[in-house]
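As written, the chains take the letters A, B, C, D, E and F, and residue 1 is the first residue of each chain.
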């Protein structure tokens, strides 16, 4: 995207100066970490109360988890791929490349996680994530067994489900608002 | 459900006594308000950090919104209906009956929101909610126009989308964990 | 529904007085049995010849069958749930509660039969009913085997299929005509 | 099919001699009319009570209707085509060729009713039939208006729906039992 | 179709006299072989460069293959059936009847290949063809194993895939252009 | 992919030295043009007769067309996106970036063509391409009108359809064989 394009097109992006102090603080931290301000922070600031809850949830997902960070991001991209979410494919695609230390994995997961060069263990992790996304009503005990059989703990299975569920929220908000991924994400980690 | 049935069947329900104080406090409040402890609070307590974020998000949805509470619950039940979520159909079905002051509306929304006796304005609200749930990738500008034309503000449209997105998370967690609605919910408001 | 609401909204409901004697007789019997006139009888009276055939078929399904009445009603509600049929969900939901002697079973079956607290035998019965409803072209010999393995007779399997097939007719007529369930059905057996 | 092949493969075909007199009488009439015994009569005789109700319903559909017989059969084949029903495609395909006086219409309707060389009026009739078959929950007032606009009476619309609904029953029974169309049907009217 | 109906309705059919010599030569050969000019040749002549490539591909499929010609045509009709392609159902239906020496096989494959009277070997061949057509992203190693287990060579599996893939092209062009099958195809081989 | 990974994983990749001279010549040309050998050429060489026809068709699509090259590649990527084809997403994604002179367009089209920053004219072009891919049986006259209204010629519409149809073939062959995109494609034009 061009530097002057908005963070989302369907709602007005609030001015940084007008935001509550805690939102500005979080945005500053993210900007310092990434070297630019990921647009999801500017977009979600449209609704400060939801901003706080949304990122608190995201923090809980990556800070208190039995999954590796690489696993979290693999789930995010596989889910965003089947949900056709442009923002999440691109922004979390960059994170998959970085945390997975693999320049091609994101493109594989966006297209079809079944074509990805991943372990059987990770394949089963993504089987649950995609099934819970596409046909949740069919998830049953045997889906849990397939994960236990490759060593995922009970808590890890909850976490696989939680990341999947949260990005079924995120994908819908990103698409609703037409959030646009920062240009930087397209090339990070390639 | 029988009084001694667990709040969910696929993960162990934590003991109230072992929970962090802030979770116990929230559970106490909910129990006092409802006259019983809605099982979603016991189930989500499996993961305290997610418990906090989940209910903070829910609070943000119902406390800082341009929608009527009745509208929020109508969206929840229409979304849960198409997602085939037993817990949310029943628990929020009770809330629709109460906030909508209509003993039959929940059964209509669970079955097929198109058969519900609702206003054109609410019909369009649910059209967006169900489309964002079932085929999010097709949501476009014209879906926004249909809502503006019946008087929904920009913020209200964000809120319709947010409630929809959040229950696409909730439905998946409730189904994953096989949360069981309290017996009370089946009859409240009928 | 309010007492003065019509039995269906898309076709005129005939006057009882104008109906042929045999239809009046059947309606009288049903009214006496239930304590009110289930709206499907008033609605189907729009077409007397079809009324006769429709209820003759229904009688054959419940009078000459290898299934328990509870099983018949479980199939009806599971099928009506996936077909999103408001009238049948509610009217036969009441019958499931009564014949199954379970106040929560109907809500489980309407939402997702996979979440219902039922035996493995009944689970397989509903697997066939839902598959024959949603993707009939894939029903094959192995679906029969799964039922024989839990003790269903050949005739019982025909009957599972017949109840399913008949409610694929009923659901469509109820939705086409927008039949409205009597208010009594919402609370019977809860 | 070879002359000695059974009328259906998944249930035993009863012996004509063992059937109740009224079934034998109906089968005799059909055999005389067609010059052979259509297999649906032999198959349905497996369950005499359902045989009576099934054919009483069918008789009501074609004897007390505001539709032309050609229209009834067009609906049957379009519905059976989308339901992938081999028996009904072939048996009623023959009837479409005969009543429609068109040797190619059945193959068009089986493949895709949108490619059939039919009037706008009939196109709309089949639009409702296919929509009520594939996504009944979306049928609404505007679908009725499209039919009224091309002159269909209220009763004719009920009848379009009834034929559609009945063949959603028939297709499922024919597929369940694996009914096999008589060889004669493949070539009649070509 | 009537003798004066066009080969397709959505694009103008070129005059034979105006065609390049090599197209006229191919058309002459096909006309001599069949006794009439199959409409796909007249329709594809709209774009001579594509005509050459299309029929070169088709020739490669039937001349350099590990499949029997009957197998090729079975795949074509099963694929065209699920793709709802009128032209291919009818034109290749005739070829299935002739090469398979079976007057009913085409109607079975058009309706639902699972109802066809074919060997287990051919059933698995069509399982891959239909899966690659309807949900290609799910084709995996185990689909290959099922074919190897019944004796298909590696090259034969490629060929099953190639015929399937090519008719996913052909079906789309035939439907786009609304190609109309010659009247002769409807009755050949019955 | 690592330099020593094969061009496809489900069939053996032939040795260049063993290929017929005309295939080697074509491969040499492509290698010189791109600076590396795109894997589709090595993979398709498994079947030389199909190699010739496949690339002859592709050449016809890009050499004798009323579409801009950028438009051809946009169609390819939008179609490959909905078909979940990893090879085509990545290889033609590179071509979209180059011919469209836009480093982000490919990621937009892979995710959801409705989110792409393209003209109304191109939007309608892709509407047809995606509809012909996902639900070809519903393509009708009005889809043509929408394209004529923005200035596409009759021949251009045929060409939009042809590119779409051809990549419904290509996507299936690439997925069947599990063709792997060359590493170079992931970064070209970014």
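Basically, a contact is a pair of C-beta atoms (placed from the backbone, for glycine too) under 8 Å apart; a residue touches a chain by one contact, two chains touch by 3 or more.
The model shown is predicted, which means the values in this text are computed figures rather than measured ones.
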Could you tell me which chains are in contact with chain B and with chain F alike? A, D
Matching chain pair for C-D (criterion: over half of the contact pairs shared, by residue number), options A-B, B-F or D-E: A-B
Considering D-F alongside A-F, which chain pair is linked by more C-beta pairs in contact? A-F
One copy, chain D, sits on the other, chain E, after a C-alpha rotation whose size in degrees, in steps of 5, is 180
Taking each chain's centre as the mean of its CA atoms, chain A sits from chain E at a distance in Å of 44
Rounded to a whole Å, what is the gap between the Cα centroids of chain E and chain F? 23
Need the CA-centroid distance for the pair chain B / chain C, whole Å please. 28
Sites on chain C at which at least two other chains make contact: 84-85, 112, 137, 175
Pairs of chains that touch, anyone? A-B, A-C, A-E, A-F, B-C, B-D, B-F, C-D, C-E, D-E, D-F, E-F
Footprint of chain D on chain C - complex, ascending: 10-12, 46-47, 49-50, 52-54, 56-57, 59-61, 63-64, 83-85, 132-133, 136-137, 139, 141, 144, 154-155, 158, 161-162, 164-166, 168-173, 175-177
Which residues of chain F touch chain D once you look at their complex with the stated criterion? 137-138, 140
Where on chain F does chain A make contact in their complex? 1, 84-86, 89-90, 103-104, 107-108, 110-112, 115, 175, 178, 181, 183, 186-187, 190
Residues of chain E touching chain C in the complex: 112, 114
